[in-house]
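Take a look at this one; I'll ask things after.
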Amino acid sequence: MEIEEALRRAYEAAAPEVGRGRPAEYIPSLASVDPDQFGMAVASVDGGVHVVGDADTRFSVQSISKVFTLALVVAAEDARIWERVSREPSGGPFNSLLQLDQELGRPRNPFINAGALVVTDRLQSLTGGASVALRDLMREESGRADVDWDPVVAKSELEAGHRTSAMAHLLASYDNLENPVDQVIDQYVTQCALSMTCRELALAGLFLARDGVRADGSRLLSARQTKRINAVMLTCGTYDSAGDFAYRVGLPAKSGVGGGILAVIPDRGVACVWSPALGPSGSSAAGLAALDAFTTYSDWTVF
Amino acid sequence: MEIEEALRRAYEAAAPEVGRGRPAEYIPSLASVDPDQFGMAVASVDGGVHVVGDADTRFSVQSISKVFTLALVVAAEDARIWERVSREPSGGPFNSLLQLDQELGRPRNPFINAGALVVTDRLQSLTGGASVALRDLMREESGRADVDWDPVVAKSELEAGHRTSAMAHLLASYDNLENPVDQVIDQYVTQCALSMTCRELALAGLFLARDGVRADGSRLLSARQTKRINAVMLTCGTYDSAGDFAYRVGLPAKSGVGGGILAVIPDRGVACVWSPALGPSGSSAAGLAALDAFTTYSDWTVF
Amino acid sequence: MEIEEALRRAYEAAAPEVGRGRPAEYIPSLASVDPDQFGMAVASVDGGVHVVGDADTRFSVQSISKVFTLALVVAAEDARIWERVSREPSGGPFNSLLQLDQELGRPRNPFINAGALVVTDRLQSLTGGASVALRDLMREESGRADVDWDPVVAKSELEAGHRTSAMAHLLASYDNLENPVDQVIDQYVTQCALSMTCRELALAGLFLARDGVRADGSRLLSARQTKRINAVMLTCGTYDSAGDFAYRVGLPAKSGVGGGILAVIPDRGVACVWSPALGPSGSSAAGLAALDAFTTYSDWTVF
Amino acid sequence: MEIEEALRRAYEAAAPEVGRGRPAEYIPSLASVDPDQFGMAVASVDGGVHVVGDADTRFSVQSISKVFTLALVVAAEDARIWERVSREPSGGPFNSLLQLDQELGRPRNPFINAGALVVTDRLQSLTGGASVALRDLMREESGRADVDWDPVVAKSELEAGHRTSAMAHLLASYDNLENPVDQVIDQYVTQCALSMTCRELALAGLFLARDGVRADGSRLLSARQTKRINAVMLTCGTYDSAGDFAYRVGLPAKSGVGGGILAVIPDRGVACVWSPALGPSGSSAAGLAALDAFTTYSDWTVF
C-alpha cells in the first residue's frame, strides 16, 4: 500500500482512541492541553513528507528529546557514554531508585530519567550548553528556525521536580554527574520543554533512518552508531512497555508524556504521531494504535 | 559480502573468544562438555546452508527450545497465551521471584524460566505431550528423524531443579498452571534436554525467517504471528543482556546455557552458533562475538 | 491492679473488636470457625491461672507453635541454629522470596515461614519426629495428655501449600534443608495444626517467663537462652507489625493465623488471647486490643 | 553485681574490641578520630553516675540525636507524628529508597534517615528552630551549658550529603515535608553534629528511664509516651541489626556513626558507650561488646 494511503487508514483506525486516557497531569501546562488533538507525519528518506490531522500543531516533546541528546553525545565521542549508562531495559518503574542504587549509580539506559540526566550532563560538559545544542540540531534538521522550548513548561517542571532532584542527587552521590546538580536539572527540563510539531519531529529524526546522514547531507553519526541508537530505542524507548510495543509495532521508537511518539523505519523513513491522552503504559493511546495500524498497512516494520 | 565469506570471517574473528568463560556448571553433563568446540551454521530462506567449525556436533539446546514451544502454542491458539504471560523484558534475574510475586503469578515473558513453564504447561494441555510435540517439530523442520533429548541431561536437571520447583509451585499458588507441578517440570526439563547441531537448529528455525512457512511449504504461523515472536525474541531472548545484544548484534535471538544461540534475520535466514563457554551474561562468549562479527560483515541486521 | 481485675477489664475493653476483620480464609477449616469467639488466659509464674471468655475452647495454634519448636532446638544445641537462620525483622512480606534469595537461602528470622521450615528441619534431624516432639512438650507443659493436632487442618494446609513448597524448594536450592522437602513440609504443617486452648497455651509457655524452667521444675533452657528467645519474639514475633505491637503492647509475643496470640511477661507470667477474626496486620484484632488494654491495666510490660 | 563493678568488668571484657573495624569515613572529621578511644558512663535513676575510660571526651552524637528529636515532637503533640512516619523495622538498607517509594513517602520508622528528616521537619515547624531546641534540651538535661554542635562536622555532612538530599527530595515529592528541603537538611545535619560526652549523653537520656521525668523534676513525656519511645528504640534503634542487638543486649538503644550507643534500662538508668571504630552492622564494635557484657554482669535487661 502507498504510504499516503497507509497513513490515512491508520489515522482513521486510531481515531476512536483519541481522547482515551488522560494527558499527563503533573504540571498544569501539560494537563490543560486539549486531549482531542491528533496528528501524524511520515518523512521518507527520499524526501517526501506526508501528514494527516494536527500534524502542524506544536506540542511538548518531553522524552522524545532524549534520542537527540544521545545522538549528539554519541556523535561527539562515540561509545564513551556507555561507561556511565547501561543499555538494558529497566524492567519497570517500581524499582528505578532501587535499581540505580543497586547498580551503584549507573542508570539502566539513556531513556529512563536517570540515564537521560547523565546524557544531558555529558552534553553539557561537551558543549557548555546542552539545551541550546539540542535546539540548534532540531532547528537545522527540521528546517524551522523558530523551534524553541516553552519557558512555562520548563519552569513548571522545575517546580514539580522533587523526584527528578532525588534522582539527580542519587547520581551525584555515586559521582556520576560532572556538572552541578541544579545545572543538570535545569538543562534537562529545558530540553524536555522543546515545542515541536509532528512534521518537524519526523524531519528532525530522519537521520536515524538514513544511516546517520543529516538534512544537509553531512554525517552526524556513522551507520553503525545509527543502528545502535535504533537498537536501544527498540529495547528501551517506550518505558515499561517496550516489549509490548515491539510486539505490536515492531519499530524503534521513543515516546514522551506530551503525547508524541517518534518511530524509525530504517532505510525508509520516520513517523511521528501525537495525541495528548496517555494510555496505561504512559504513551499516547491513539498514537500507539495509529503506529500499530500504520505498520500493518504499510508493512514498514523491522521484523 | 557473500554469506559464506561473512560466515568464515566471523568464525575467524570470534576464534580468540572460544573457551573464554565457563560452561554451565549446575549439572555434570553440561559442565563436562569440551569448552573449545565452536560451530556456526547459516540457513538461508532460499534453501542454502553454510557451515563452519563444529556445526555438526550435537549439544544441549536448553532455552533455545523455548522459542519453538512458544511457536507451537501460538500456532494452536494465536494470542491466548498472552493472557497468562507478559512480553516485557524482566530487567534482571535478581528479582525474578519477587517480580512473579508482585505481578501475581504472571511471568514477565515466555523466555524466562517462569514464563517457559507456563508455555510448556499450555502445550502439555493442548497436546497431551509437550516434549514429544516439540521433538516432532524439530525432527520435521531439521529433516533429521533421530533428533531426540538426552535422558541423562533431563534426569540431571530434575535432580538439580529445586529452583525450578520453587518457581513452578509459586506459579501454581497463583493458579497459573493447568497441569500438576511435577508433570510440567518433567516436560520442561525434557524439552530443554533436546540435543541438536547448529545445522539442525538453523534449519529448524527457518520458519521464523520465512513468515511462518515450514520446510514442507505448509504454514505454521501467520506472517503477523511470526513477526511478533521475533519481536519478543529481540526484547527478551537473551536474558538480562537483551539490550546489549540488540545493540551489538541487532537481531532477534535466543540463547541457551548449553552454549548455543539462534538468531533470526527476517526474510533472509537463520544463524546458529555454538561454543560451550559462557560469558558473564550467561550466553556463549564466542557465539556472541561471532554473531556480532557476522552481522557486521554480512549487513544482516534488522536496524 | 490485680491480675484478675486487669484481665476482666481488658476483656471488656476488647469486646467491641470481636468479630472485626475476618478469620484466615486460605483453608476451609480455618475459614469456617465462628469469628465471635473470644478467650483470654493468664498463667502466673507463681502457679495461678486466670481465665475469661472462651479460654477453654481449642483452636489451631498455627504459627504460635514456632516459638516452641525454636525452644526445643535451642535446648538441644544452643545457638547453632543461628548459623542457618538470622534474627532480624524481615521488613515486610512483599519481599520474602526476594530476601531469601538475596541472602542466599538464610531466612531472616525463625518466625517467618522460611525460617520456621529451617527450624523444623533441624528439629526433625535432632528427634526423628519434629511434630511428635513438639506435641509431647505441649502435653507435658500444659498438663493435658490429649493435646493433639487436627488432621483435617494439616491435610488442608498440605493441599493449599504451593507457596510453602516454593519456599521450601528455594531453601533446598541453597542447601539449607537437611531432610527431604516433602518431609519437612509435612512436619511443618502438622506442628501448625496443633489444637489447644488459651489456658493450655499459657501454661505451655510458662517456661519463657520462668527463665527456662519447666512445669516439673526441670530446666528446658538457660536463663540466657530464654531471654534471647523472648528478644527474638519481641522483634520478629508478629510478622510485619512487630514494631507497632512493641509500641502498643510492649511484650514479646507470637501470633498465629488461627487467631491466637501468646505474650510473655518475663518473671511474671504468660498471657494467651484468642479470637479468630484477623485485623489488617494478620493478627487477631480483638486479641491485639485485649493485650494492649491488659498491659495498660496491669502494668505488665517490659519497658 | 554492683553497677560500678559491672561497668568495670564490661569495660575490660570489651577492651580487645577497641579499634576493631573502622570509624565512619564519609566525612573527614569523623574519619580522622582516633579509633582507640573508649568510654562508658552509666547514669542511674537514683542520681548516681559511674564512668570508665574516655567518658568525658566529646564525640559526634550523630543518629543518637534522633531519639531526642522524636521525644521533643512527641512531647509537643503526642502521637501525631505517626501519621507521617511508621514504626516498623525497615528490614535492611538495601531497599530504603524503594521502600519509601512503595510506601508513598511514609518512612518506615523515625530512626532511619528518611524518618528522622520528617521528625526534624516537624520539630522545625513546631519550634522555628529544630537544632536549637534540641541543643537546649541536651544542655538542660546534661547540666552542661556548653554543649553545642561542631560546625565543621555539620558543614562536611552538608557537602557529602547527596544521598540525604535525594531522600529529602523524595519525601517532598510525596508532600511529606512542611519546610523547604534545604532548610530541613540543614537542621538535620546540625542536630547530628552535636558534640557530647558519654557522661553528658547518659544524663541527657535519663528521662527515658524515669517514665518521662526530666532532670529538674518536670515532666517531658508521660509514662506511656516514654515506654513507647523505648519500644521503638528496641525494634528500630540499631539500623539493620536491631534483632541481633535485642538478642545480645536486650535493651532499647540508639547508635550513631560517631561510635556512640545510648541504651535505656527502664526504671534503672541509662548507659552510654563510645568507641569510634564501627563493626559490620554500622554500630561501634567495642560499644556493642561492652553493652553485651554489661547487661550480662548487671542483669539490667528488659527480658
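Here the chain labels run A, B, C and D in written order, and each chain numbers its own residues starting at 1.
By our rule, a contact is a pair of C-beta atoms (placed from the backbone, for glycine too) under 8 Å apart; a residue touches a chain by one contact, two chains touch by 3 or more.
Not measured: the values here are computed from a predicted model.
Contact with both chain C and chain D is made by no chain of the assembly. Each chain gets a centre from the mean of its Cα atoms; the one farthest from the centre of chain B is D. Mean C-alpha position of chain A lies 32 Å from that of chain B. Mean C-alpha positions place chain A and chain D at a centre distance of 47 Å.
Per-chain Cα centroids separate chain B from chain D by 55 Å. Counting partners per residue, chain A has 94-95, 102 as the residues that reach two or more other chains.
Chain pairs that touch one another, listed by label: A-B, A-D, B-C, C-D.
Here chain D touches chain A in the complex through residues 94-95, 97-98, 101-102, 162-163, 165-167, 169-170, 172-173, 181, going by the rule given at the top. Taken in their complex, chain B has these residues touching chain A: 86-92, 94-95, 99, 102, 108-109, 224, 226-228, 230-232, 234-236, 240-244, 246-247, 250, 252, 266, 296, 301-303.
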